[in-house]
Amino acid sequence: MSSSYGNNIKITIFGQSHSQAIGVTMEGLPAGFSIDMEALQVFMNRRAPGRSKYSTPRKEADVPAFLSGLVGNITCGAPLTAIIENTNTRSKDYDQIRDIPRPGHADYTAHVKYGGFEDVSGGGHFSGRLTAPLCIAGGIVKQILAAEGIEVAAKIKEIGGSSTEPAKAIEAAMSQGDSVGGIIECTVTGLPVGIGEPMFDGLENKIAQAVFGIPAIKGIEFGKGFAAAELCGSQHNDEFYFDGETVKTKTNNHGGILGGISSGMPIVFRVAVKPTPSISIAQNSISYEKGEAAVLSVQGRHDPCIVPRAVPCVEAAAAIAVYDLYLYRYRYQNK
Amino acid sequence: MSSSYGNNIKITIFGQSHSQAIGVTMEGLPAGFSIDMEALQVFMNRRAPGRSKYSTPRKEADVPAFLSGLVGNITCGAPLTAIIENTNTRSKDYDQIRDIPRPGHADYTAHVKYGGFEDVSGGGHFSGRLTAPLCIAGGIVKQILAAEGIEVAAKIKEIGGSSTEPAKAIEAAMSQGDSVGGIIECTVTGLPVGIGEPMFDGLENKIAQAVFGIPAIKGIEFGKGFAAAELCGSQHNDEFYFDGETVKTKTNNHGGILGGISSGMPIVFRVAVKPTPSISIAQNSISYEKGEAAVLSVQGRHDPCIVPRAVPCVEAAAAIAVYDLYLYRYRYQNK
Amino acid sequence: MSSSYGNNIKITIFGQSHSQAIGVTMEGLPAGFSIDMEALQVFMNRRAPGRSKYSTPRKEADVPAFLSGLVGNITCGAPLTAIIENTNTRSKDYDQIRDIPRPGHADYTAHVKYGGFEDVSGGGHFSGRLTAPLCIAGGIVKQILAAEGIEVAAKIKEIGGSSTEPAKAIEAAMSQGDSVGGIIECTVTGLPVGIGEPMFDGLENKIAQAVFGIPAIKGIEFGKGFAAAELCGSQHNDEFYFDGETVKTKTNNHGGILGGISSGMPIVFRVAVKPTPSISIAQNSISYEKGEAAVLSVQGRHDPCIVPRAVPCVEAAAAIAVYDLYLYRYRYQNK
Amino acid sequence: MSSSYGNNIKITIFGQSHSQAIGVTMEGLPAGFSIDMEALQVFMNRRAPGRSKYSTPRKEADVPAFLSGLVGNITCGAPLTAIIENTNTRSKDYDQIRDIPRPGHADYTAHVKYGGFEDVSGGGHFSGRLTAPLCIAGGIVKQILAAEGIEVAAKIKEIGGSSTEPAKAIEAAMSQGDSVGGIIECTVTGLPVGIGEPMFDGLENKIAQAVFGIPAIKGIEFGKGFAAAELCGSQHNDEFYFDGETVKTKTNNHGGILGGISSGMPIVFRVAVKPTPSISIAQNSISYEKGEAAVLSVQGRHDPCIVPRAVPCVEAAAAIAVYDLYLYRYRYQNK
């Protein structure tokens, strides 16, 4: 269904941009894990708005309140729910889009899907704000994985087509009231060989499913990805060798995944982030009510480039997907 | 879990390359649908081996036998199971890979995952042959969608980096005992507005999860995809307009999906297909038994380019994903 | 997984008896449904403690706060989360059971399952208090079903073996510091013919799965139930007849369900509620720490008979199960 | 959905009484398990028809053919599919019920659900014959559990209300062209403490869901079950004690389950089996076509008492449910 994910660890995300609170429930956490709350907040802050000159001026503390699942800071095995209250909401900013859908947003598709009853304010459940609870869940899972020696780390690869001058690309867009997209690369290291289920629940399938949960992601590729389509097998195949007793591959064009299953090499994938659809520049749209063309200039608060804040979100989604599959690790061992 | 997919229509794929049979069970089909068996066979034949000079000489009839779910050719509401018997198997070809994993294949990862009990022969459950039951299911679903006015069609976009000379690229690789990859583009038209669940069960999430079930797929992008990362919002946003009473967008950079939900515009996505990992050229690998380096030359039968045969597989996967979400269409309408 | 239920409507229950809050998230609600908040509170009050002389003196207002999923009182299609804050908690009462598990409770099994990290206080996630969020969800679903003409109603059938003098049976137990069990009967009327999936997702399977989510339920039977085991087919079979154009059965020994599917006759089932395990009478148990026998007298607050408060819980569980299957009603109709 | 069950071990049952074959696919089996095919056949034979004078004369060999998932007799980690071909079908016997639904069967409910496209023959997917693939799956799972020291065993408790003279009760019914029901008791021993997920995926929830997949089951109770409703807490609570270092309870009124989780005591439950609805005695029904009353005398082949053949089916369902939850056993242990 919609806003929940996972078979072994299950997360359910709720909230709208301007509802009383947003939050997440996590089921299947191990009992007895001590959450490092400071580290979690540091992780949350990487995503939080209002932290740099390129992000939306809407400043939310984004400090999770834990309603259940803990005794002190230690997981107790019961579902963990954490929420963030929405305090700094300016719903008036969104009056216009009740009638005029913003290009590039889910306003129109949600309007039809929910028969006009969708929560328009701030994009409702489709707002990028919903990546905050994703990061609560992902931040906790990252800590659990780290305790097992598994690290998930993402970084900006390109912005606006440039890998060398991202700040400049953002500033150029911002100065025009425009926005710009980019590419994020994520790496998972320390994952043992053999993680990932065949066919539809492989690492690629499940990471992709999770990562497309982040608004604005429009593509994902593993290892060489689209560049593999241009290669010959003799170039693309990664040869096996023994590094001591460990089996490795000389190259990592396969991005650490063969047959959907981890090979022991680093998992590497990249995602394409589209430019923020909210721009100040006037755009053509329609008026539902008048049944005719309308012009829209998105006021509100928005980022000229969502890519920097999306980096921890990609880590969060990847961590949850990987951990969910990691929890199957004993399944096929007949013991 | 592993080899099943879907919430409303559920498919479960079983079989190994050289097991007695391969097949698929489909749950949730509508009752009373008359399957056009000839059309289904025509669809199956697009994937079947031995049909062109570029595909593996292993010739399987690939004619499904229906064990259940039908009365005559008409669905009866019970789970439908169809199988294809494996007749033309030459397991001896695979003796070598019990000890020496093929680069680019799942031999090594499956070996570790299943503790050495995996079915090595022909790649076992990881063989491309398992896309035959995927095509049975997808072929049936395509017919059901077509009856609702929804068409799923894929085509080769590029092979070996070239969109103009695919045959030449394949022949060049084949002459070297090598292989080559490519890009497939798939379009879904006729889907009403409002299909797709938010966050983790959107069209992008679920199409991606399904499509990565096809071996050799290493990337997927929707609409402009990775190219969107280089654009500004003002270039990438698709403006709405009224075409009569129908809302459309002037461009389709969003690939028919906004917020995971169909917009009424054609759904467009592309997948990257890696070059067939089986090549005759000698490759370095390892011997499990000897614990040392080994050289492998993959004999067996294999395609110099899997892309043409992957085209119907992409249609099949997309059709199943789209139909699964399409079946939610009444959910949010309070009536 | 654990604390979530459903395929079409999905509910996830979180919280512990003494955590900051307890609550529920509901996915898959129709958009545009106006919740009657007063009626919901009236329903909640039927379960709430402290309302009669037979229930625990712990008095909680049990007024849900809605964090998401609504615009005003109207569902917006996004996941709905409602919580109840835990205010009146006396965790000290439970110090003893950290070391000495209460007979008839989940203290011991949870202790082993969660390795000693379980939340002991008030029974943690296993507390009967968690039926409050179940009733929030069930109360809302009951309203949705009622709008479709489907009514779910449960009542006390027997207490302490008596169907005529329940109050007396409770008072007798209470005067001894003891407790007593009973039987609840639930009826679902107005459900159309054809609801329920075959085999493992039939009405009996799914109602049973939901109802056993209520602590203290130890048995369920449909229609004649266990009494059917003593009958002959000629006595038990319900003959069909036409009542005007409607097909009915003369008797309803089948309890409205044949092959897991609704027949149009009222669905009737009964559940067995065990006596409240918390009693003041001293009981033998063990001390984990000392590794020896120990005597326990449960202080805290508890009901001499949980049956009256369990009645709305049974309605809630049944309503959710039935509605979840009801949402499949268009699936097999090829249109 | 319909005919599949489980989260960790997943079984999907397909086939109709008179389709080409019936069968089951199992996902999530451990790799490397050697199936004892003789023992499996012995188990299958306990369910097979035509083995005693009380069961239907339809004699099917019921020998599973394995299409996939094995190398020799050893599981390879891929989905295992086994089928039984339907050879001895006499569809003509069922011509009458296309128009006149049999009382006590799913004929009418399936007719409405599937819009008249259901497979009428032999009861289609609702036939008791579908318990054969359930027993294939359950028989294999029983072997896996036994290798872990967990035994699942069921037996007849009562037939026609009598625990002492079951044969006589059956013969009495048979001599009248009638049928009779009964009660089966099932015990699971050797299950470690801590198995079972809270709330909706506890042992009671999941065993109940699985067991109601057997046609004719109309009730289930755990431990004291319905009798608990008549007891006081002081009578019903099972006191803990140390038996050496093992925690046990002096009595087992809780049936080995507290809070949905195994206590280490034997799991005990009973199910009510209704009398076989197929009887030779003439019964009143309706004619769809004529829209009026009709009289039906079920010819075909049927058992005067299904209870003896249902015993291994109950074991199969219980084994699958218990094993599915058993596979979660490492989940909460943070290691």
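Just so it is clear, A, B, C and D label the chains in written order, and each chain counts residues from 1 on its own.
In this text, a contact is a pair of C-beta atoms (placed from the backbone, for glycine too) under 8 Å apart; a residue touches a chain by one contact, two chains touch by 3 or more.
Computed from a prediction, not measured in an experiment: that's the story for all the values here.
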Which chain maximises the distance between its CA centroid and that of chain C?
B
Result of counting contacting C-beta pairs for B-D and B-C, higher pair
B-D
Distance from chain B to chain A - Cα centre to Cα centre, in angstrom:
25
Chain B to chain D, mean C-alpha position gap in Å, rounds to 36
Starting from the mean Cα coordinates of chain B and chain C, work out the distance between those two points in Å.
43
Touching at least 2 other chains, the residues of chain A are 1-4, 7-8, 13, 28, 31-32, 75, 77-78, 110, 113-115, 125, 198, 332-334
Help me check something: in the complex, which residues belonging to chain D touch chain C?
1-5, 7, 13, 101, 103-106, 108-110, 112-115, 125-126, 130, 158-161, 173, 176, 178-183, 193-194, 196-202, 204-206, 208-210, 212-213, 215, 217-242, 245, 247, 249-250, 254-255, 258-263, 272-279, 281, 283-286, 291-293, 332-334
In the complex of these two chains, what residues of chain B are touching chain C?
7-8, 28, 30-33, 75, 77-78, 144, 147, 198, 327, 330-334
List of chain D residues in touch with chain B within their complex:
1-4, 7-8, 10, 12-16, 19-23, 25, 27-28, 31-32, 65-71, 74-81, 83, 110, 113-119, 124-125
